[in-house]
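Note that chain A is present in both complexes that follow, paired respectively with chain B and with chain C.
On to the complex of A and B.
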């Protein structure tokens, strides 16, 4: 055995060492990344990890009041679906409802109370504490109250219903100010006014599309945006396919094809602003062709004398035959229904048009009939909040008061008049005269941006509340809104802010508004309601009832009596219509095109623009994603030599916007359409600086009878700027380009 | 004269030996890594012994892993759960490892345990079904009650899952969508 030399030994040790290191490195390289298993310090009591719980609450993305179920895992909201037992949504939601999670988790949410430190409207905010914020507001309002100047405090909300509305009202009453107003661009003011005239009701009726056989819609995009789209979509499904062997028929009358127009059997692009006249022409034919058999037939035929189909045909650009055919089908179908909305309800003849449509329903015997108009009982809980709707006139009054220096403190909640009013009414400028503006808001929209102090509100998924859906469903219904997740940031539900302010102001306010939280208040009111209705055979204890109502998210009395029979419609109503055709702002020779702004199924009046899922959802008719566009008929575009993507200057008598052109065949020549909702100057990273807001260039014509803004009564002119912009859309070309896809005889290239 | 190949190999003997030592070193290194640094049996922030808890003190698995029979995850016990018992076990109160636990609790911090049994995110695994099918914890986790430091005994890879599903004739047990959904 030879001895190992020193040199060899070192070599063996070296080789062994390299081997060991290599082995360790190899082991390290095949090993997975270390993940940690983090236990909870104290386990939650109300959930098990990995197991979803569904909580029922109320959607707040539009005013329809759908019931929703939210899937919660580990205390986080994961998914929103419709509440299956809620009579409005019946287990369904729309895109806006789904996008509620985007509101909850939005990175642009206001997380703490903020105080404006720069110039007003500059967006220079500094964080302050709740104590400081509430003390500032409380002492300011408290001083006004002591000085008997509380009427200089004004409260402006969006569409607030249920007991939150009562809380606001009580707060303002105790303060001594009767200036509590609501403003919602989508509020159907003209429909309410017309129904009040026609039927004497203050409550929206239930339009029973589900059981109708022949549906005649004047501009109402009932599948996309009109008052309760989810419910109407369900009803539409039943109208089409729910009855064996009996497919309902729908006709859509509007200058620009909406989603409902695309789904209709026939789309009739009557001359814009003449839809009401068309309804009168159909009414004339109904009576003269003998489809109406009432005892007052002669009076009706006299009242409708001026609207013979031949005359109406000339004005509306709808053939006489078509009018007679519509009248025949409308008169002979059992369960026909006519509805009006959209641009038809936004001309200077809005109320007149809807009265004419109501007359159609009366003459065809559709009132209080299945498949017709069913009158809702008074809301289950609390008085109707609709009476607080300021409407356009109320907003002008508010602007006047602000300009005159009559407003010391303006509280704004969940409404964005700076965005949703025409520019030239000067809401923003008038705000400059108000010494203290307080926004109760979750997002920094254009109106909130003007505030001196922002009190951040929790989203609807983190708040207590309740709601009575409007329109109702023909029987008493009320829903409970409960927090489905714990509040994410240092925000408070708006009801709790009002209660805190009441405590801060002191005096008799906290004595009357003695509830510690909104939850307490809601529960107490429901208990009172329950005790009142106690005699109606519900034998359970209140706590059991409350638990059941919380679990279901809704309470209702199906089969309960419908509302009172309406007063029969009188033919004198027709005689009172002065002008059934809308006037337009702007002379036809200077402004050759009619501007047709339309609400979109995604953003509605712009409130959805800060939600990324909605921004990336293609428009259902044009497939355009992001941004704004102006739709032109190919004929109009050819005449002007405009191609898709040409940036146009769209100028009305009230202002102008620059927006790329989209050639869209489903629009009447001579009409140009711009979707509403984009064009935000604030409202977070997803909404800001994207597209244009057509409401800003709407001239301030008003409806003759309701005084509401006639936002579809503006003319515009177009001018190519020479710039071009690629419109982003998921569609390819809409033409067959000679490929004979539709067969040789249908190929129009 | 004997004929030997050794002589012929002599010139290569040293490099071969060096290579042998190197390979041996590789095995030693891999073993050391597996023993002391591996994710199969990583050193945990607290030297927790399942042997002491499950064998010596006879605590059933689901006393601590409370979610195993009703949720996808077995549930690592909360710090408050540990303290709930240890507050009333004064005999080990001063044990250095227990002092670590108390420190976490007093700071209200979770213990950053290192995960030993982990499945990729694209696998939909649920404890609930396996427990309800009557499987013992040890079938997958090995004799945990004998381990001082938790060690993974199974590969936790798909062939291992499928073998067991096949062997037991699990309904839809080899359907892709059962685990990948």
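On to the complex of A and C.
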């Protein structure tokens, strides 16, 4: 037996002891944290493990105002579906609506108030407390108010409707500044201006695609991006197969096939910028072929004299026969409907083009008819929110004021003009002249990055609010938006921020804006609305009504038909007919191609680019993911010797972008198309440094009548850089090759 | 083994599934479908499909249980784009089922082609045998950037590396509906009570889902439409999805 000395023994015991302690500590450290089934001591009342609860609220991924239902399990939002009782979405959603959860649980959300500590725009932010942030803003604005300089405070929002719009307005009014503007790239300014001229209405009408049998769309991608895509898709399904034995027909006129173009029975690529002229040619044929029976037939034929199908045919590159055939079908179908949007509403002739399309509807007798244009009643509230849309002119004014040093404080909420304006208008540069920029935002997009102070807003799934869908559905409707989950971070709903600022600034602001929270404010306003409508047969107590409205997420009066339908004066419609041919920036010899930027069903104007589900959703027409591309007609590409993936410099008179080429069979030769949405310099990990933004190289031509940016009126030239880039797409073989995949009779490989 | 072969022979007899309570079937009206891809994102949300990232997408490692296929017809200017949603066809005579060495994929009595994740050993044979190419293999264990994982649907397993996956017709929703029916003392779920995520979201109502063993179900009526056909029918896979062709005017 070997001898163990006393010293050795003690050493062994010591080492063993350390080992045991170490083992125990290691064991403790790798042990999983105990997770409780119900993590709270006092759980919320609707919390029961394993049972899903649904809350109705309003989608905010685009301005259509669809009602949604959100499935909540254990306090977490799991799934968004359409609210079945909401008249806009009727239980359905689009891809963007589904992806709203990615906004809520986005890893790149702003979690606390932030203060810029580096150079402006450098992205060096430091966390500060809400107290500090609100005090800074409050004292700064308060001082301006005391000095009677409050007009140096400006507020710029995205499309804000409902009572939040009223709150903003009240805030600015009490402050003494009338500089409250909204800017939304997708706002149909030209359509509003044209409808004002044609019909004298300030409210978007209801386009009754559902009951139409012949739909003629001039550039409006009504299934993907145009004003209310989910509702239009529902209507489209009905138009096609909802009526026994009567299948509606759709025609799409646009230089590059959109989702709606793909769905159409016929896709007509008229020469870009002449779509309005084509409408007048059809109108001419409608009258001359005797499809219009009004007493003022002679006046119409005189007004349309210059637009005979033969002349129009030469200009538009659409055959005379086709124009006559379209006129015949449009004139004889009940009901027919013509709509205009997209590039047709984004030339220098935008309003004139839409007026021409409106005239078509008038001549065919589609106004206030089922399957035609039905005029909406004035919205239940926020009737004037649209008038605060700055449009392009308003933005130029703001830039001018910023450059002239007339703006001391700029508050920005939910809009991204640095991204959604052409580079050469210099919004970003002008911001450098503003001493204090405050962003009320959930994400650090390009505009928010320029802020000195970021007040983080809760997402729409965590906020109170209300909304009036625009366009409406022909009868009075209002929706309530309620938080479906508890606020994730140290953020506040934007309404609550405004109320806190009002308290901070003091004076008469907190006296008039006395509500503690947005919820209180909304509820009070709804009570007032309820009391006003009390005579209309609502006998329930308000609380019961409020609970029912909250549960349904929507309130409406389906029985109430849209009040007085405006009767447009034929004479004023005739007077408003103008020559609708768009001009283009850039000489054709130097810039041989027309640039066709288009909004995508995926990202809209770029606001969806930070949502990973949308980045991973193949573009519906090309199946490309994660990036940008420029589309060329196969013949054009052949002539230029360009293959898919060749990186091109696309240069306009206003700038250039570098982007890989994609051969796209359904685009007019002489036109190149780049999708809008990518090309973010900020906006989180999923969006940043991916693709290009065609809006940045758009020349700043404006529509003659509405003053809006003519973003489809720029010419470009292409130059191959010699580089190549893999375009990531999911499609392999894009021909059926006789496999009868689309059905036995339907194989035209 | 012999009992298995006998069973298999029984399965292969026409009409085998008609005697059960359910035969889940879908119809897809291509005349309504606009290719908007709402179904794809709805499926991703419901079934915990991973966000694979740009690099993996470039390597064709994406996982989409339902996808939209695009086919061009003709040339400019008479060019047409045709869309067709493609998902597991839940074939009654599914080639994938006979191929699996460990019976990880099998046909249940509801007519569903099901995949048992913890039985799957990842040979990927089924994906090779599937003529519709709707089986997706997990080449990696995907993670979600925090806190995106909070959205994950607790009713659906999150799959790991080495497992094959595919459309389940939202079997979790079928289960819930059956449970509810049982609680209400009903033998069968009502028509329209089970709505998979893609069908639920479809804004044009192109997708209809239901029990084709119930002659009164909407899906049974849709299946009788003369425009109906099954994709790659000549392979005798007997798909459970009936497509209705687009109408040419």
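Rule of thumb we're sticking to: the second predicted complex is superposed on the first by the 676 of 749 C-alpha atoms of A that agree within 3 Å, B and C clash if a C-alpha of one lies under 4 Å from a C-alpha of the other, contacts with A are read in each partner's own complex, and residues count from 1 in each chain.
Please note the rule applied: a residue touches a chain if its C-beta (ideal position, glycine included) is under 8 Å from a C-beta of that chain, and two chains touch if they have at least 3 such contacts.
Since this is a predicted model, take the numbers as computed values, not measurements.
Of the two partner chains, chain C is the only one that A:269 touches; chain B does not reach it.
When both complexes are overlaid on chain A, the residue A:518 reaches neither chain B nor chain C. Look at A:18: by the touch rule set out above, it reaches chain B but stays clear of chain C. Set side by side, chain B and chain C differ in how many residues of chain A they touch, and the one touching more is C. In the superposed model, A:8 lies in contact with chain B only, and not with chain C. In the superposed model, A:549 lies in contact with neither chain B nor chain C. Common to the chain B-facing and chain C-facing surfaces of chain A is no residue whatsoever. Only residues 29-32, 34-38, 40-42, 44-46, 51-52, 54, 57-58, 62, 64, 67-77, 79-84, 145-148, 150-154, 197, 200-206, 227, 229, 231-232, 243, 245-249 of chain C touch chain A when the two sit together in their complex.
Put simply, chain B touches chain A in their complex at residues 14, 17-19, 21-34, 37-39, 42, 67, 70-73, 75-81, 105, 108-115, 118, 126. Every residue of chain A that touches chain B in the complex is listed here, in rising order: 8, 11-12, 15-28, 31-32, 34-43, 48-51. Every residue of chain A that touches chain C in the complex is listed here, in rising order: 73-74, 76-82, 91-95, 97-99, 101-102, 104-107, 223-224, 229-230, 233-234, 236-237, 240-241, 247, 249, 257, 259-263, 265, 267-269, 488, 601, 612-618, 620-621, 623, 625-626, 633-635, 665-669, 685, 726, 728, 730-731, 734-736, 739-746, 748-749.
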